[in-house]
């Protein structure tokens, strides 16, 4: 009896988590712009495709997320490895804190940094600043995912490789890194998703060439709810869902 | 130079330049005087911090703490049974876990926007209830604290479920069984055995939900219709329309301090460290 | 090229370096220009325009305040010009490069906020009034009507301290831009009394809810109302009897601009009658261009006797700004 109660509760919670997105996706195919179902249509997808700002935002988001996630993955993986070799409490604390800092505070502080230093460097806010900001907040995610896998790693494997004459670097590259590969790939996807999704921090440090998809979506939502948003959202849901399933597969293998 | 010695260099650079330095600048800002049209000016002053003691701002702090606490409690009530169910569901575990995670990985804006779509007068809930004849005029579902809470819980529930699941999964199944063998009724086993043992997961989940809720600004803005002010809105407002950067910086420092204290308390649980 | 060099240069490549033509970066309100006009300028001058949009003056100011935003041309509202100029953000206009200035409407040749047009060119203008659903509520013609009980739960005000406090002050017969603490305290009481009837503080987001009938009355800009009426002909717009603020968004060149000549050319281009008309038509708003006026819609262009009740709010002094912000926070957390 109790087990069934638990199942019902779990099912209800899952419905709570999924219903809003399902509804959103469903109504992206509605031919009416209102919440009344009038018939199936691709109108809003066509409208979304025809919008140059959306296309540009998507392109910027992809470029930014690709660079930020690659850089953050390299730095975060090395960090996890370094801390596994030799604990660094303060560094770890700083990274955990960066995960818990409210986005608005992170964004404002990075904007302050860029405005302050760029005044002397004659540089502009732009893609670089957004990429730097995204690296800053995604390194901690990468470090945590990779650290989790390192905890299950047998130190003696690397030592054995070194006993057999491998340098520390080649032991890392040939033995440790292959073991970490699934976690590194999962971390990279995580960084990609986190970067692609961010609005608050990006909107603060963005410059001329860095209007991202979430910024365009937010501007559209502010101008009024439109089914084009449903279409964009549905697209994002499907792409992200696929990415996440892929990342889960990688982590399991 | 060995790998172990330089592997931490890049992250130290990021932590210093992109995480530490900006917070240092915000701290400096919080101790300066407001410029007339934004920005900061000398002299040094602690006025922004003393201003925080104003009952108006203490009220906002209190309100944010209250909303963040409510959201955390609701997440706990909804999340504990879900995590327990997943931990006990054997080979289906991964499927359930992915189902919990999936919405979390879709865009934050999209998730919040979905709630507007559902809750507005001509939204899904009201349209459905009206067409069923259950109500005769739309219920005011959007733009109140309830909508803000729904949005927060929706956005952060997976943050609670995941660490809790990790704890419950590692929990020795023999203990609850022993309790049951000794004649304890299921609810009592839950209360006296499972719940105390899952404390690290509950603590981790609570911190992960509470802290972002405390600093939330988009959710109260979009779902609350601008009728409520939380700390995040206060910060955002100071840096934009009010053009009072020192005060915005001071509020940021307070939010950060609360987060850091919670983090420190949390990291003292050794088992909690394992979870992150 | 080694991998590291690639990492360093690729964002630049992806971002801009694909084209050698000079580039003008224009930062404007969303939905405030005809995209075809941008293409026309690009074709005529052999340049590229990078066009970005914002939703509020504050958003724009936060970005350009540091003096290294990268934008060349921005469109601040008239009462932000003096503070921006005082902060050293704006470049003075060179009128010899702007022969088309003569096309400006007579009201905008020497406006109160910038008598010599030293900093910016009036671009589009609109006023804050009341949008309401003529089929479902009785006539509204004053700010005072927004405290009526029949609007309970179906009323929104703008999410803007200046406009909300201003409406309260006008209802009380006090000046819209008052800096008197006593006046503002009375306005606060009015705003708090109104809050129980209020659905939300919304800006342009209210448009769809007006169209769908969720919201029956809203403090709103004439431009947004004109756009909403396309979706629901029942919507009406009231220019309140107590008076109302008018806002003019002006094209200005930032001091940080690396292409001031090109920016001047762009401003002069915007002043051409046919360009101004096309932009005003797409934005569904009123142009400051006298020759390029495209419509006689009274929501966009109020007749002279109504226009006479309007005024252009001056910039608020910093001290008043601070007091108003505090009061706004009090209203919001009431």
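Lettered A, B and C in written order, each chain numbered from 1.
To be clear about the criterion, contacts are C-beta pairs under 8 Å (C-beta built on N, C-alpha and C of every residue); 3 or more make two chains touch, one makes a residue touch a chain.
Worth saying up front: this structure is predicted, and the values here are computed from it rather than measured.
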So which chains are sitting against subunit B and subunit C at once? A
Write down the chain pair with more C-beta contact pairs when A-B is set against A-C. A-B
Subunit A-subunit C separation of Cα centroids, rounded to whole Å: 34
Length of the line joining the C-alpha centres of subunit A and subunit B, rounded to whole Å: 17
Specify, in ascending order, the residues of subunit B that touch 2 or more different other chains. 120, 122, 239
Residue ranges of subunit C touching at least 2 other chains are 59, 62, 65, 212
Where subunit A touches two or more other chains simultaneously, the residues are 34, 116, 221, 225
Quick check: in the complex, which residue numbers of subunit B touch subunit A? 2-4, 7-8, 10-12, 14-15, 17-23, 25-26, 29, 78-79, 81-82, 84-86, 88, 94, 96, 98-103, 105-111, 113-118, 120, 122-124, 127, 154, 157-158, 186-187, 207-208, 211-212, 214-218, 222, 231-232, 235-236, 239, 248-249, 252, 255-256, 259-260, 262-263, 267, 274, 276
Considering only the defined contacts, which subunit B positions touch subunit C in the complex? 34, 36-39, 56-57, 59-60, 63, 120-122, 138, 140, 142-143, 224-229, 233-234, 237, 239-244
Quick one: in the complex, what on subunit C touches subunit B? 56, 58-59, 61-62, 65, 83-84, 86-87, 153, 156, 159-161, 195, 198-202, 209, 212-214, 318, 321-322, 325-326, 329-330, 332-333
Subunit B partner, complex, touching residues on subunit A are 2-3, 6-7, 9-10, 13-14, 16-18, 20-21, 23-24, 27, 34-36, 74-76, 78-79, 81-83, 85-86, 88, 91, 93-98, 100-106, 108-110, 112-113, 116, 132-133, 135-136, 139, 143-144, 151, 168-169, 172, 193, 196-197, 199-200, 214, 217-218, 221, 225, 229-230, 232-233, 236-237, 240-241, 243-245, 248, 252
Using the touch rule from the top, collect the residues of subunit C that touch subunit A in their complex. 7, 10-12, 14-16, 25, 27, 30-31, 35, 50, 52-53, 55, 59, 62-63, 65-71, 203-208, 212
